[in-house]
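Take a look at these structures.
Look at the two complexes coming up: chain A is in both, with chain B in one and chain C in the other.
So, the complex of A and B:
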């Protein structure tokens, strides 16, 4: 009688034998510096690619930031031969006790809120309405909308100054009014906001259009078949999917409105009349380069930096959460 | 529960994009409760056709009828059709429950009614556990079921499905195929299903409509289109490996009519005479038999490669200028370089016109007795 037993068939890798895996003897005894050099050469390229950007960031952003922080604890009038006098936190105390700061922060808040129609509402409406424009017409149309962005702010300001002229300006002629737009406390800020809005709205339309193009058309098609009306599709599908783009624009508006308005304020109103257009950046500029109080300006800069940082991180977190919608 | 009539009729439906005709005068009658598969290679116009039925694309010419109503100019949301997209198109910002409930929300149902109906559909599709998740947190198969759920939730007149299985892996696809078939049987609903996958078409369809370059090539049951392909295109498209197609000539021989080419002589089983004519001879790989060396006629071929499919083997051979493949149970007993003689039964031979590619059928002429 023949006897036997079932034996497990070994997997292929084991069957091939393990001798080949052992490193050849003597491979490690090579000169260690050569191995190190080789490692360095192998690891260097990514850092070399990063270097130009890092150098520029350090030289133009981080170093001045650190210097500003340092400067905020000194009294100095920007004259090179005059020594910097350490004053501790006196600059901050002075800054927080003047009404200027609160006023300018309030004005900046008004600017930001008033910019939102130009950077969010109007662009969404225009982008949604012009979605159906195709081909060459679309390109021409976009160029038209984007054109104001290409006009240098100072050049635009010169033309607007002429348009808003109280006696001969076309705005007053058309409205039949005699308002001194740029030189009265009631209207100066609104004039600045409207001009800035004209300037950046095209850019925002472009951003929203790009956001809309990025939405898979299948969603709208599915919603149509599912029985949604055009308004429902916009409210329930398109706008929620556009929210990362809108969050980005909101962030831009909050962080950059004060910067966008700066060249116009500087050329048209110089912060006036009676401080009615002195936003945070203009205040900072006035401290530094009008009053030559470098320490106070630096302290204001540090405070604004910290404030915007806080707002930015908050908004970034919100937009992060929205962005996760995208699949 | 279901509406009575959901027959879909297409009348000379045409869609042109510039100078390109994507769908060319397609007329089709989809009966109530039918599972019609639109089958064809990519770019054949099948998805365009489905989008025109859904109303997402306006036809250039022709009409779409649902039941007795002409819906050609009715917007998609008033068409009472549900569609499953290839990408599933699940709204990424909404939970599974809100995705499934979306069609009801658009129809203004109350929250409570929507919740109840969604729960019912979710239970049927085994989605109850997933109702609070977002689409991105689901696997491919789960997303597919949610898309199906969104279509099912409102008891539509008919279902349109655009390659719903193409994003699933092979194992899941086979399972989901069976699920959709079972669903169709249970609901008795009309389904128009687009695919380029012949296995899906053969296994699920009650009828298959084959499209090529925007034109309808053949409509028939899976057996009909497989056993009697109406054209060379259909013959080549269905079957794996594809039907062997050989340029040949039909000629009369002592044993009746036969198809002849270099190294090929296959009797057609018709005892008659006819003038010689060029044809395309078709025979499926599984219908070729390996004959003994002594046999007369058949295809004299040389084996070039043998493929192992597990249960079967396919031998790729050369006969004259033609390539011929043979499929049979493993082992076939063939090796590279072997000379073989292949035969086929006359009823398994297909003839197509050499120019038009259309199927040829034998019509005996009335017998004329000499006076």
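So, the complex of A and C:
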């Protein structure tokens, strides 16, 4: 782990270097400047190496962040010729007094919780099971599970649209139902969650498999010598050692679920019917790029940013506590 | 686990970055004065051999089939007539199922980088916003009022009287009405016959529609009727027609007060909701309903004639497409409104502005309307064409769909646009309330009243 401080050159080496290029007696008056310059040159390389990354970070992340914060106090429709009207905190007031924001936060919460089986439970089960398969079959299994991840979300959505068509779709034909999955308030969000789950489960399996590979098999062997059963080894050895990976997946799910669902929502339901699939990101997008209410979208963005920051720091703290490391 | 925290920050910053990366240029830029447009000076005629290239954005390029083929043909004909003007045709940016919903957002994103298309086809629902916020150029100033009127009069056949002023704002012409329809009741004659209904006597009231729909559902197992005016995706053009047919309005005549929670409107929504509850109307999205009807799985659909070509192609030899005027409510005349769009000019250089006008005159000419009417199904706005044996008469005689649409054109009312910069949120919000009542079973009166209260604050001057 990076500690955040650069390693200083040890004083011994400094002294040796200084002695080697000792300034001539006549140049004594320039010495303090020269020493300063040399010190700067010696300290510069790490910062120079960092500079490109820092510049990009400032240009692409921190500057837009600051601009968003600034924009959230204006009413503006993104057209350059139209003046930005300062409105104070009116955008925030509107967000907090109309039900749209609270509704979308609620829906996003449902999405996150409902995604956990696809990103935690299922992958762990699949990864543990496929671990017993050896050789080429294992690679084939993993490839099969990972395949949906390789399908572009929009292309996948188009196929799902046909599968879920209320009168001609195969899902209703098989189930013998007449449900319009994507256009009923009771089912639309669940359809989106199931499709997103299908899409990302393969990725999660891959992450868990990688985590399992990283666990030293000696622990399991030692436990076996002590007479532990396969189930006991999984419960008391493998899973605890897998906890950093699981914590990582949990964090990913909480922070990225809303983003994973976005392309599917945009293609399949456009946030409908009647806002039943309008998650926070879709709401943000609708404010910004459908209604072109830049101020309102910026205000919503600032609120979401603050919210996600809070959740992220909480989760990071919890995962620090829960994770066990193979130190 | 510390790096997670930075991952988290980066992730949540992404949405913000998305937004500001697109509009970063605008922040801090001082926009001129109070937003008043500078007076537009006249665009001079193009000199002989002067080469100009312009960009034309139309949602009719957004869907393969009848729409794109017809428009490509028109642009080809224009190039032959004006070899010095190169037209680049494009569809709006975005990936909505219905490309017509992407028009404004596409134009706005191009404007925000300072490069709007030169000619844009925009819906009548966007008229207020197009003129007052996006500053479409007034054609009366650009080429002169007499020239604009002369184009309406045409070489031989003038525009229908009701169509001429649809693109006007405060007495000035900003847009030339281009393609539109009135609400038409399309039906599947084969399903009618199987259900024991007479295709020669299509339903004329909503009660009859509900009855016929139930007969189709019972006898054929297919779905009955779909009214494509009741969802956010459908916009509000024919919802306004339904409401006007019942004596109501969605917004007061002076456009200062929302009136879509009045009893005349809730009655309409309740009647439509009853059709869904009785099984006469299936719960479908716009796209699902259009596809189902084209496939032959739906008995009737109230729709714009923009989709007539699609329906006729779907019907093919398998079933016969029938069409009737929009049904009314018992004892009240049906009041049709117009759908569709007009052509607006956003070009910045005088030469491009003049070339844009040349394109508009060509696209609204007798020749163009003959192509558009026969290939897509939109109304020939130069109605005289249908009596000319050399133009549309043979086609009109063989085409049973045109007559009811033309009759409705003579008595239609304009599709009223919502006012102010928040007009889309008002329109979409209203239609969302209608959708939740009709298709998701919410109580019409209370849903509409609550939504009206919420949206009234978004009207100009409505924010306290």
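Keep this in mind: the second predicted complex is superposed on the first by the 272 of 327 C-alpha atoms of A that agree within 3 Å, B and C clash if a C-alpha of one lies under 4 Å from a C-alpha of the other, contacts with A are read in each partner's own complex, and residues count from 1 in each chain.
Going forward, a contact is a pair of C-beta atoms (placed from the backbone, for glycine too) under 8 Å apart; a residue touches a chain by one contact, two chains touch by 3 or more.
Just so we're clear, the structure is a prediction, and the values are computed from it rather than from any experiment.
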- Message: Is A:166 touching anything from chain B or chain C once the two structures are fitted on A? First, second, both or neither.
- Response: second
> So, does A:202 touch the first partner chain B, the second partner chain C, both, or neither?
Replying inline: neither
So in the superposed three-chain picture, is A:216 touching just chain B, just chain C, both, or none of them (first/second/both/neither)? first
Quiz item: After lining up the shared chain so the two structures overlap, which partner does A:123 touch, if you call chain B first and chain C second: first, second, both or neither?
Solution: neither
With both complexes overlaid on chain A, does A:227 touch chain B (first), chain C (second), both or neither? first
Does chain B (first) or chain C (second) touch A:185, or do both, or does neither?
second
With both complexes superposed on chain A, which partner does A:293 reach: first (chain B), second (chain C), both or neither?
second
Max touched-residue count on chain A (chain B vs chain C) belongs to chain C
Overlap of chain B and chain C contacts on chain A, residues none
Chain C contacts chain A in the complex at 1-2, 4-5, 7-17, 19-35, 95-97, 104-105, 108-109, 111-112, 114, 133-135, 223, 231-233, 282-285, 288, 291-292, 295, 297, 421-422, 424-425, 428, 432, 435-436, 439-440, 442, 454, 457, 463
Per the touch rule above, chain A residues touching chain B in the complex are 216, 218-219, 221-229, 232, 236-237, 240-241, 243, 324-327
The residues of chain A that touch chain C in their complex are 1, 60-61, 63-65, 67-68, 70-71, 75-84, 90, 94, 98, 154, 165-168, 180, 182-185, 244, 247-248, 251, 255-256, 259, 266-267, 270, 272-275, 281, 284, 288-294, 297-298, 301-302, 304-305, 308-309, 311-313, 315-316, 319-320, 323
Chain B residues touching chain A in their complex are 51, 54-56, 75-77, 79, 81-83, 85, 87, 89, 91-93, 102-103, 105-107, 135-136, 150, 154, 160
